[in-house]
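One chain, subunit A, appears in both complexes that follow, with subunit B as partner in the first and subunit C in the second.
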Partner chain A sequence: MNFDVSLVVESIPRMLEGIGLTLQLLILSSAIGLVLAIITLLMRISGKWFLVAPAAIYIYFFRGTPILVQIFIIYYGLPQLEFIREGALWPVLREPFWCCVIALSLNGGAYVSEILRGGVLGVEKGVLEAASALGISRSQRFVYITSPIAIRLSIPAYSNDMISMVKSTALASTVTLLDMTGVARTIVAQTFAPYEIFIAAASIYLVMAWMIQKGFGLLERRMSRYVKAT
Partner chain B sequence: MSEAKSEPIIVLEDVCKRFGDFQALTEVNLTVSRGERIVVCGPSGSGKSTMIRCINRLEEHDSGRIIVAGKELTGEVKDIDAVRREVGMVFQSFNLFPHLKVIDNLTLALRLVRKMPKTEARKVAVKYLERVYIPDQADKYPSQLSGGQQQRVAIARALCMNPEVMLFDEPTSALDPEMISEVLDVMRELAEEGMTMICVTHEMGFARSVADLMVFMDRGEIVETAPPGEFFENPRSDRTRLFLGQILSH
Partner chain C sequence: MSDLVGWADEYFWGAMVVLRVFAVSLVLSVIIGLVGAAMKLSRSRVANAIAGAYTVVFRGTPELLVLLIVYFGAAVTLTAIAQSVDPSIKFIDIPPFWAGAFAIALIVGAYMTETFRGAFLGVDPGHVEAARALGLSNLQTFIYVRIPQMWRLALPNFGNHMLSLMKDTALISVIGLEEIVFVAEMATSVTTKPFTMFMVVALIYLCITTVITLAVMALEKYANRHLEGSR
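After this line comes the complex of A and B, so read on.
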């Protein structure tokens, strides 16, 4: 078969029309996901079973099922329920865009809360004891000692999760959305050249992943300035 | 504080503590007067650390009474924080806040607990850094300091809160030999200034020159308490004699 390089180059500007939607999905979902993650984390480390249990079930469900299935459940499944169709959230839930944001946020929240929990568990016990011994209260310890240390410990895994999130946004194309992958599929339907078009799409995703990786690399270096260089 | 100098600042009455099946402390009784310097020694696992960790409630005792600066330690969070403000603690592994510069390690509790404004807190911090002879390290991170310097920062951090009592939990055990004396010197000066101290240590030279009272613990019990002269020259208990023989033989 012939590989048409010019087709790759020509299709990239068209595909970039979808990048806006991809970025919207990414930014909204990761922001909402982060908020969910922090709430879930606080529930998990609260030590109270009625907060720990729901958080653990939530994490188990969203880590244990494919995002695609979650999107389908929210997009195709929820409208089957009458109280959803008549509820106040229907204007949101009938939009495929918001269904994707919900699925991606819930998914991200589950993963990121576990990442943050790893960071919290990584804080040395002795450092917290020293803070207690100085009379620093439990909530102050969390804000001034645990959080900054845990955040630094979490960055490498969090950056990994952001890159996953970029790729997960492609699933939006399965529910009619024209994100980058959605646009790519449309072009393929017109040109019958899947090879070139999807390679073009892949290269745009690679650039995005590279930028995220670099960005978090810089952040990590900045936040680790107090760690002894070995 | 209005109490007379001889008034006890710490009282332990029949204090017991278990970790699971392990009896860490068995009916420990100890009274510490203001200005008194107590050195606690004993084999590892004998309950020395557990005892001093109970005094500022890093461990919870199971039974008996602990009274610090007139306040009994119960489950009340308010009382615990009040007691912790009077009691400074220095740990074997320094436990500095790794993400904060030295100066911020010292000012954090002043600002959060004492609600001191930033500039004032900095002044206090610099004063105590000078006292432990490292004012020039204020803007470094703990990881950039030697072990001896880190431990002196930890001492300064505790002193900033102006505690009535200082607890030292094997402060030199994690240090390279050449750094031990710089930490002991600071502690000796503190003792000379009249600070009430309880110090768990195996530095017997330090103990002999500084302690008013030696406490020997073994298997969770206080086996012997005596002034250092008597303790080293003429220990009453066989267990004390055995222990001293082991650590002083080389």
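After this line comes the complex of A and C, so read on.
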């Protein structure tokens, strides 16, 4: 047995065909997930039990179960229910791609909302007291004072979560989608050279994770430029 | 609900498999984490580089891919070794249980390495110096001074890593381990009730992760009991 480098070189272009799908999953899921996260966050900090309770249950469920199981529930599970098959959303829920987007968004939303909550709780009390002493209203305080600070505080954790999201998109290959991992698994089934192909795929994921980390690092540096360098 | 009756024992044994994978990978990942942290904190450049590369690779690669590399890679390697000894052997693979437990331990071990490294750095160097001054050996300092202070600091992240470890066990069904996702797939093909069957899987995971969360909370309370008076 030997490591065939030419196989790696040959397989990378084929795998890059799958990267489009991986990126689509990543961008759509993280965008929808962020919207869900903000809604959930607002519900959680509203202080009204009928908003706090559903948000807490949502977060508890999606953080406590594996994403693979969530994808399977949505893709394989939902068609069991009559009203789903007859409902208006059936054309969407029939597609494995959209099922993955929905599962990844719901999962990401639960995690990101906790990250954002951590950011909001991390805002110094004195700043908010100063704002209310200046007569700034509650909603203005949230938009102009809490949010910018909370966003900056959330960036490191959020960038880790984006990397988890990249890694989670690989699960799309379990519901027949040909994302990068899906393509890799197809090639391995043809050539039976698991080391070469999977390591090639892994290196593409690594580059993506590295780019996300660097990108958010730059963003964090830019947003922290008013903080004195220590 | 009546569809579930016949499958209760299958789910129970599936859950036992999950817990066994969890236990094995947890022990392995703690060992990997401690070794990794020691390498990262050592003065040896080579050890630093190896541990650094290890954490970068295993934190940036999808869990599923690591699992597939370990499982299929081990099969190819073992078959090649076996054929060089006895050419009549066609194919050998390792049990999905061990491939899965090892793959997950490798991934979580990378996270543990970072957590343990941070926790060791959080131990006041003055305490270590004091231990040296009192004539404690390196090993004694490690066991009586560093570990008791470090595990408190590592605990919150350690709890999170245990949760992600638990959830990663679901992936092993992909390589054919008969755990609860696998049971649900079987049950679905017989009863054609996928929603019910996978919801049961989700609820089992939810129960286990809840127990882990509560246990970590109790441990944290125990770990910080010496701080209670000051609050």
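What we mean here is this: the second predicted complex is superposed on the first by the 230 of 230 C-alpha atoms of A that agree within 3 Å, B and C clash if a C-alpha of one lies under 4 Å from a C-alpha of the other, contacts with A are read in each partner's own complex, and residues count from 1 in each chain.
Please note the rule applied: a residue touches a chain if its C-beta (ideal position, glycine included) is under 8 Å from a C-beta of that chain, and two chains touch if they have at least 3 such contacts.
This is a predicted model, so every value here is computed, not measured.
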Q.
I'd like to know which partner A:G126 touches here: subunit B for first, subunit C for second, both or neither.
A. first
Q.
For A:Y226 in the superposed arrangement: first (subunit B), second (subunit C), both or neither?
A. first
(Q) Quick check on the superposed pair: does A:L134 touch subunit B, subunit C, both, or neither? Answer first, second, both or neither. (A) first
Q: Please work out whether A:I12 is in contact with subunit B alone, subunit C alone, both, or neither, and reply first, second, both or neither.
A: neither
Q) Does subunit A have more residues touched by subunit B or by subunit C? A) C
(Q) I'd like to know which partner A:R152 touches here: subunit B for first, subunit C for second, both or neither. (A) first
Q) Can you list the subunit A residues touching subunit C in their complex? A) 1, 60-61, 63-70, 72-73, 76-81, 163, 166-171, 173-174, 181, 184-185, 188, 192-195, 198-199, 201-202, 205-206, 208-210
**Q.** Complex interface listing, subunit A residues touching subunit B
**A.** 124, 126-127, 129-137, 140, 144-145, 148-149, 152, 225-228
**Q.** In the complex with subunit A, residue positions of subunit B that touch it
**A.** 56, 58, 81, 84-85, 87-89, 91, 93, 95-101, 108-109, 112-113, 141-144, 154, 157-158, 161
Q. Quick one: in the complex, what on subunit C touches subunit A?
A. 56-57, 59-66, 68-69, 72-73, 75-77, 80, 163, 167-171, 173-174, 181, 184, 188, 192-199, 201-202, 205-206, 209-210
